[in-house]
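Below, chain A partners chain B and then partners chain C, in two separate complexes.
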Partner chain A sequence: MKPSWYVIIAGCGRLGANVAGMLSNMGHSVVVIDRKESAFEALPIEFTGFTIHGDVAAIEFLREAKIHQANMVLAFTNDDNTNFMVAQIAQRVYHIPRVISRVYDAGNLALFHEFKIKTLTPVLLATGALNKVIHRYMEESG
Partner chain B sequence: MKPSWYVIIAGCGRLGANVAGMLSNMGHSVVVIDRKESAFEALPIEFTGFTIHGDVAAIEFLREAKIHQANMVLAFTNDDNTNFMVAQIAQRVYHIPRVISRVYDAGNLALFHEFKIKTLTPVLLATGALNKVIHRYMEESG
Partner chain C sequence: MKIVLIGGKRITYYLAHSMIAKGFHLVIINQERSYCDFLTQNLRAIIIHGDGSRLEILKRAEIFREDIVVALTPRDQDNLIIAQLCKEVLQIDQVFTLVNDPENVEVFQKLDVDNILNITENLSGLIEQRISSHQITNLMTFEEGKAFILQVEIQEGFPVVGRRIKEIGLPKGALIGTLTRDQTIHIPHGEMEIHVHDRLLVICLPVVQTATIRVLTGGD
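Moving on, here comes the complex of A and B:
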């Protein structure tokens, strides 16, 4: 039997919203927090979780989301400082076993890794994917 | 011998700037166009190409960049409509052999594919990468 987790996603941008739908699809319970209520419109139809309208930089909203019960916390806002703070609170204060932070600016990666925060950096994934395509092009034309 | 290309990148956001550095590193000649002059500050130190300050939605700047000589055009602005237009101009008007467009909102992918535009969608790459991590977590805890 597959485990069903309680997952908190901080930030409902394109990434947060997409992942919220994916996790719902996998059978997990998901709460998404965003300070812009209109952000929740991006949630896909598969999303079956809850939303909390509030600023994750204010710890009360993480408490409202029952962060102490979470099996996984995803710090996916568009702001690296906020993501760092959420990830640190989740790891160090609440000892959440799975914490992943989006890193917007690849220049901040070293800081996150120094604090042993697992990261996801879409710009590096995209650059890596493009690199492969370009090498294929070069072989074809070479 | 590796081919050296002339590459135009429309949009100097994080992705455009990162890729501009990567292509310079590979020995290609790169021109980056952005309507915000401050955007060029994001270019990494490896970048050895040129910059044009102008709105790629105005075709004159693509002409100024000598689009007719380009071996590759990357439509990497933060606006899907602009990317679509740049990619179409590059493919249909100038017959550039390699055109790739970033797609910001995955909901627009079908349109790009209908027009046979190659796409790069960072949010889908990130969701896919996260999916793998989550499945590994689930196997570990399952």
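Moving on, here comes the complex of A and C:
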């Protein structure tokens, strides 16, 4: 049997909400935190976890989410500075073994890497995927 | 040496104003264009318009190791990144960081942010001190509680009244930093006599706190 993890997702935008649904589907326990209550409406039907309405930049909401028990923390808000803070708190204060931070502005990547934070940059992923597609088109057209 | 103030509104303006008057060179980084215009017109300082939590903007301020940086934005996550960029990337020794939410102080310390400005705590301390009817107030702790400052109001009947500071037998590990009498602050020396209504600020280590209070007040 696969282990069931406890995962905290900071930020319930499209990415956070979808990943929350995916993790629920895989059988993991998920808590999603967002400062806008309406953000939780984006959560898909398969989401079975909990939501916390609060600003993740205030440590009290991370504590309320029992961050010390998390197996994985995903910093997925739409603000790079907030993600940087959440990721560092998870990694360096609570020693969470798996921390991934979304980075909006690719110009910030070097900073995140300097602080040894694992990153996810949707714009780079999309560009990379498109790059492959375009190469295939070029080959097909000879 | 220059002082770089990042973010913040009115407090930044007044702080800059008073430091310029004291002869310091100031650089102010602010994200708001119209506020930068106001600062440019009203202060003799270098004003940089931009997001101070970004390295390329900080680099424009040409901050050197001996300079002082103060992060004053209303968002703790911005102040954290400013502090860390300045300390770890730009190698600046003296960085002061405003922490808006006192609950964040502990994590900032764990993330190696020093010189934390905890204004909420300071203000609440000042207010408590005003409303407290006690003769002794614990004003603040520093170095994570390894030392603190006590305020003692000298009352009639205290054993130290009428005696010189060098005679009162203050324990080792305690020091009278200031003595306020008739609204004048003195940095007292051993020959100074303690009077009723004097207000003392005493720096002391936790181990001698009880002994210090006993020496000054006669009680526990």
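Assume the second predicted complex is superposed on the first by the 142 of 142 C-alpha atoms of A that agree within 3 Å, B and C clash if a C-alpha of one lies under 4 Å from a C-alpha of the other, contacts with A are read in each partner's own complex, and residues count from 1 in each chain.
In this section, a residue touches a chain if its C-beta (ideal position, glycine included) is under 8 Å from a C-beta of that chain, and two chains touch if they have at least 3 such contacts.
None of these values were measured; they are calculated from a predicted model.
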When the two structures are laid over each other on chain A, do chain B and chain C clash or fit?
fit
Please work out whether A:V99 is in contact with chain B alone, chain C alone, both, or neither, and reply first, second, both or neither.
neither
Should A:A65 be classified as contacting the first partner (chain B), the second (chain C), both, or neither?
neither
So, does A:L43 touch the first partner chain B, the second partner chain C, both, or neither?
neither
With the two structures laid over each other on chain A, which partner does A:L111 touch: chain B (first), chain C (second), both, or neither?
second
Can you tell me whether chain B or chain C touches more residues on chain A?
B
Once the two structures sit on chain A together, report how near the CA atoms of chain B get to those of chain C, whole Å.
14
Please write out, lowest number first, the residues of chain A touched by both chain B and chain C across the two complexes.
none
In the complex of these two chains, what residues of chain B are touching chain A?
1-3, 14-15, 18-19, 22-23, 26, 72, 74, 98, 100, 102, 104-106, 118, 120, 122-127, 129-131, 133-134, 137-138, 141-142
Considering the complex alone, what residue numbers of chain A touch chain C?
57-60, 79, 81-82, 84-85, 88-89, 92-93, 107-108, 111, 114-115
Parts of chain C lying in touch with chain A, wherever the complex brings them together
53-56, 75-78, 80-81, 84-85, 88-89, 101, 103-104, 106-107, 110-111
